[in-house]
Amino acid sequence: HIPDNDNINDINFHTGSRPSPSDELPIPPLHENPDRAFDPSPQDLDYKANRKMLGKKFDRNFMQVVKPLEHIFHPDGMLNIRFRKGRPKGRRPEFIKDFGHKISFGDDIVKKLGVDKRTKKLMQKYLWNYTYCPLIYKWKDLGIRFWPRWIKEGSCYKGRSCSIPPGMQCKTKSSKPITLLRWHCKDWNTDRKCSWIEIQYPIITECACSC
Amino acid sequence: HIPDNDNINDINFHTGSRPSPSDELPIPPLHENPDRAFDPSPQDLDYKANRKMLGKKFDRNFMQVVKPLEHIFHPDGMLNIRFRKGRPKGRRPEFIKDFGHKISFGDDIVKKLGVDKRTKKLMQKYLWNYTYCPLIYKWKDLGIRFWPRWIKEGSCYKGRSCSIPPGMQCKTKSSKPITLLRWHCKDWNTDRKCSWIEIQYPIITECACSC
Amino acid sequence: TPAYRYARYPRRIRRWPCQRKQMFVKFKDLGWQSWIIAPDGFQAFYCEGECQFPLAAHMNATNHAIVQTLVHLMNPKQAPSPGCAPTKLGAQSVLYFDDNLNVVLQKFPMMIVKSCGCH
Amino acid sequence: TPAYRYARYPRRIRRWPCQRKQMFVKFKDLGWQSWIIAPDGFQAFYCEGECQFPLAAHMNATNHAIVQTLVHLMNPKQAPSPGCAPTKLGAQSVLYFDDNLNVVLQKFPMMIVKSCGCH
């Protein structure tokens, strides 16, 4: 069955004859062919020209051409936490909102929390902080074939377990792509003209507690 | 390397040439050869003789010769919960004892629970109940080749998730063996004399919340 | 080496695709009736068959198997086609003599082939 | 059938035990340079070799493979010896054209053989 909008590059078109990607993050580093013939030369690294090529997609929060100061001061990354009124900024998770309801086992055994509304809210706030999975941002050098070459990668804080009872860990929940330029030689043939192409690089933007 | 106490039946002695068991519970039902020649006859089912064979190992709490009343009244099993002072009977889990400590992210961000000791104990009690994994006992008929043929099996309550955030489930934590008799024909040859042998059957005795 | 080529280039005949086949195992045939009390045997199945391009969807081929299939097609000398192996295995309960010569009932994982695929 | 016997009873020659071997895959050789931007190739490895009794510990044989090995030894007509297949596979990052013709960097799981065993 060949679909109407037949796209020969459609990975689904080739099911069984092409490998399939996964959405999982983080991704292992891209393995680079060490031959320097595939590197851009100094004239290809012109800031103005490349900046113009990216246009509006250039996002100074996530990419830099030279080694960022933040990387020099925080080489192991920076915790990205924002609190508001003593608990994490953002929407309250459903399980926090539902916390404190009657616990029932079978038909006749019921256990209540037994505290007033104000105390219940204090407890919810504590659990919200306890189960919160903050992001860690760390600058990474992708190498000369990417432009800009420094990007701010997100990862999930992996300290103590984020659940009660312990057992679950902070893991990737959401991501978004940032646009970069990649120096590419068609067919990996240096006789051909090499050029910059636009690519999408995934950045982890949210973490959540899970098994 | 052949050990001094060379036991030819030692499963480790045959590593690589024999399959290995696992401690996981529950176990799937034993598949029985349907040929009735391998069943005990009425004279082999004499209560007095078999009871004497088992001796002290007969445990009326876990085994019965005829269909138990409990099975007629509770065919889907009975929840085995015991509470004391409003929380589960038994030792307080470590993570409940530790609940309420300061939460820290990195070096300078710290969140406290902010309630008095009495309220903290109320919260701990609630969480203890919430994360509690009770046992369910259900009578099961093992068939005529086991004596007694009815045993009380344990399983773990699988309702809502037992963790905060949700994600973990109640799973087997501990088990103990009960001793039963098994009607066995040596080499599965009915020309040979068949007899009762003592066997150990695993019963789940404790459940805990885990990924 | 000749043997290598022998294994790689079999006679051009029609072969069956990778699939699950029956294999009823009688413990007595393996000499295991001395340590296994029950059951006396079980249906273990096994996997056998070819993994050739293009791999059908139900072959549950890993990404690596897809790559290897194509490498073999382009250049049989570089690699054989992937093997037909179990992709899912189920457990079997066995009543047997343990290390202490007690007869115990335990679960033996990964004893029965549930499905086969190209790996 | 003769073909069946042919596959099962190869010439009695010395064969290598199940092991991991190198297989460097160049995407250009597979015609994949049109949809894969980078890398230009990778070391995928593959598994090949015999699974004969007794299976060595590092073969990471499943319980089923142990049973099948013995069945084959006792009666080669009933089943072949187990296959040598990957027991552990690793991921590879790839920069490629997706369905929307955007060039994206994504993880492709189970691309590289880490270890082989009898399955």
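The letters A, B, C and D name the chains in turn, as written, and every chain counts its residues from 1.
By our rule, a contact is a pair of C-beta atoms (placed from the backbone, for glycine too) under 8 Å apart; a residue touches a chain by one contact, two chains touch by 3 or more.
Predicted, not measured: the structure shown is a model, and the values here were computed from it.
The pair with more inter-chain C-beta contacts, choosing from A-D and B-D, is A-D. Spacing of chain A relative to chain B, judged by their CA centroids, is 42 angstrom. Computed centre separation for the pair chain C/chain D is 13 angstrom, with centres defined by C-alpha atoms. Chain A and chain D have CA centres that are 32 Å apart. The distance from the centre of chain B to the centre of chain D, each centre being the mean of the chain's C-alpha atoms, comes to 39 Å. Residue positions of chain D touching 2 or more other chains: 63-64, 67, 70, 108-109, 111. Taken residue by residue, chain A touches two or more other chains at 18-20, whereas all remaining positions touch fewer. Taken together, the touching pairs cover every possible pairing of the chains.
Within the complex, the chain D residues that touch chain B are 53-57, 59, 61, 63-64, 66-67, 70. Every residue of chain C that touches chain B in the complex is listed here, in rising order: 28, 32-35, 37-40, 42, 91-99, 101-109, 111. Interface residues of chain B facing chain A in the complex, by the touch rule stated above, are 79, 81, 83, 86-87, 93, 95, 99-100, 103, 105-106, 109, 111-115, 119, 122-123, 126-127, 129-131, 134, 157, 159, 162-168, 208-211. Remark: chain D residues 3, 6-7, 10-11, 13, 15, 21, 23, 25, 29-30, 44, 46-48, 62-64, 67-68, 70-71, 74-75, 78-80, 82-86, 89, 108-113, 119 touch chain C in the complex. Every residue of chain A that touches chain D in the complex is listed here, in rising order: 7, 9-12, 18-25, 27-33, 177, 182, 184, 187-188, 197-202.
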